[in-house]
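Look for chain A in each of the two complexes below; its partner is chain B in the first and chain C in the second.
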Partner chain A sequence: MTDVIQVQKKVLSENARIANELREKFARTCVTVVNLISAPGSGKTRLLERTLELLPDGVRAAVLTGDIQTEKDAERLARFGYPVRQITTGGTCHLDATMIERHLIDWDLDDLDILFIENVGNLVCPSSYDLGEEAKIVLLSVTEGEEKPLKYPSIFFKAKLIVLTKTDLLPYVPFDLELAKLNARSINADAEIIETSCQTGDGLTQWMSWLEARVLRNAAVRS
Partner chain B sequence: MTDVIQVQKKVLSENARIANELREKFARTCVTVVNLISAPGSGKTRLLERTLELLPDGVRAAVLTGDIQTEKDAERLARFGYPVRQITTGGTCHLDATMIERHLIDWDLDDLDILFIENVGNLVCPSSYDLGEEAKIVLLSVTEGEEKPLKYPSIFFKAKLIVLTKTDLLPYVPFDLELAKLNARSINADAEIIETSCQTGDGLTQWMSWLEARVLRNAAVRS
Partner chain C sequence: MHELSIASSIIETVRGEIASRPGRRATAVGVRIGALAAIDADALRFGFDAIVKDSDLEPLRIDIEQIDRRQRCLDCSTEFETDRYTLTCPACGSLRGACIAGEELDITFIEVEEA
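And now, the complex of A and B:
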């Protein structure tokens, strides 16, 4: 097992090196970069669709969306007129910093205010790979059960924001919202928690405000 | 990257070796072994709860349940009086054959008719690790979206059975059941598909029959 652990260490330290370069580049160009992580089907693409729809005029956004095999998410997101690029990992269960670097190569970051990275649907592995982002955001759908923060603590610990999704389904599922928040807080007392439904629009104003505050702060640095 | 790929190959071939030993042992003792795989929150533990509840008297069952951090699933499943053992992977995103071997060490397989293995909630990595099981079963909740078989083809390709879960939520989610089945069939034309709701009990008779047919077939070999 020693060689496995050593190779893993090497992979992660090489990833950290590239992620740090990306982070410096994002800081220099004052781009807000967020990394959306969740289980498959928690609603990352749906939240991004609503976000691109609601973005105020003049905000220059782009999306990198990761998937193992298909380009379906990029197709869904391209309708909104912002640059969208699919990262197809071909079996790899997470995005890494090299993939981000490679897919940004011909985009001018000076032309961007915010870059959304949609990770591969997986609550485990993506949490280990720094992508140079300003914030990891974890999504948890109310259909998944309130114990998930305890069962997947690493990503809940590292997230700056926890977005509870599909709250319109609360009347139909045995999900204890307060217990879910308590569980999340027990892993990460500092993360903000926003309850959302892309179906009804509930909570989306709060979500957009959270994003806009970051974009404005970074824009203030630029000017 | 060459050393990464080589170590991965070595890990998988060592896993295959142990999985084959397990498979021989399961065949010799005529135990039906199924490996349940899904995204976090698709309802693996809930389906196992209902299954243990519905198991006919005299069927000797046991459960190995994998989780990254907590023992919550084992606690939930232990109530039914069957032997249950938690495998806590401590960060690893899947179960492997060594973990199964280690956790079976003091169980007499001759005393078992069926062994349920509940994998870590992850649609990606568990599909690469053979556990010596007779069948991989993939669960897909109707809240997750009908494109999941296309986005996570490896596990849908390898599964002998696809269990659609939470069908009671169909009236409240934008899930196209026929399209989901079409997508699943396009990846795996042979897998059986069973639609279930643990809330209403729909489809559970079909699920139990699928299991019982395998148990009976293996028992026939024994006698």
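And now, the complex of A and C:
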């Protein structure tokens, strides 16, 4: 005799549980947490290098950076004097909430204003895993084609901010910026879009203001 | 390719349900996947079957239901299904909408029989 048991359960309910615990902890300690996601090579680490360089004095930042194999990105980012920790996933194509929890274990979140998470270079898998972050940020470089938002709708749908990177290369590649934005908007009409070049510095002021607004809002809760 | 780890999570849930029901075994598990879940149904089925094959769970099946994205227009309340290329309301042309379906990644049922 066959019976059907009705279940209403998220497949990733265990990840969701840990992510919610993290989110509560981040809220309690007033830390702004952002999760940077892109294809390999779109400029996540470069943008973080520029960001750490430009951070105003007194802002307490830290970085968790994910990579399948190496510690290269952590080495690049450690130069700026902020705490940086590499998460080496050993083959896994995304970060999950347990990895974040484990790598934060001996960091006092009360001592932080902003935590940057650089996800593993991948536009598909990271979008399924909630890390307890306040915002997912997706990066798209101008050398990747305007269709990326249509090909990877999930991550563009979930992003609060879309950063178009490497705009200094626009004269050299056939990339229609307006079409790329239109495609992004056809998946996610609410996301903000910022155009940046880490080479020329274009757009970085706007990027830093976007971050600062969040940090200030969360810090206001603290005081 | 994270469908393999998604498949393992589904199988863990099945094992958990079965553990509390002695004398029964699972024959099928139902999964609902939204168009925005970033899961490839074929890859999931492939990974699922690979884990089940030659295990004590054989012949457990996976039954995948795929869900389109649905929007509700914030201006005229029309609800509509959408492919991934436009969010424009078919009734009033507004772009202001809320996503009401398409993010699912859920286990919906487990079918069991006497072992």
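Odds and ends about this structure:
Methods note: the second predicted complex is superposed on the first by the 212 of 223 C-alpha atoms of A that agree within 3 Å, B and C clash if a C-alpha of one lies under 4 Å from a C-alpha of the other, contacts with A are read in each partner's own complex, and residues count from 1 in each chain.
Just so it is clear, contacts are C-beta pairs under 8 Å (C-beta built on N, C-alpha and C of every residue); 3 or more make two chains touch, one makes a residue touch a chain.
Note that the coordinates shown come from a computational prediction; the quantities given were computed from them, not determined experimentally.
Legend: residue contacts after superposition of the two complexes on their common chain; A:Asp168 is shown touching chain B, with no touch to chain C. With both structures placed on the common chain, the touch criterion links A:Ala189 to chain C but leaves chain B unconnected. Applying the stated contact rule after C-alpha superposition, one finds that A:Ile68 touches chain B and leaves chain C untouched. When the shared chain is aligned, chain B comes close enough to touch A:Gly121, but chain C does not. By the document's definition of touching, both partners, chain B and chain C, reach A:Leu150. Judged by the touch definition given at the top, the superposed model places A:Ser141 against chain B, while chain C stays out of reach. After overlaying the two complexes on the shared chain, residue contacts for A:Val7 are found with chain B and with chain C alike.
Of the two partner chains, chain B and chain C are each touched by A:Cys93.
Shared contact residues of chain A with chain B and chain C: 3-4, 7, 10-11, 93, 124-125, 150, 152-154. By the touch criterion stated above, chain B contacts chain A in their complex at residues 3-4, 7, 10-11, 39-41, 67-70, 72, 91, 93, 120-125, 141, 143-145, 147-148, 150-154, 166, 168-169, 172-173. Within the complex formed with chain C, the residues of chain A that make contact are 1-14, 92-94, 124-125, 127-128, 150, 152-155, 157-158, 185-187, 189.
Those residues of chain C that touch chain A in the shared complex are 1-2, 5-6, 9-10, 13, 17, 24, 27, 30-31, 35-39, 84-87, 95-97, 99, 103, 105-114.
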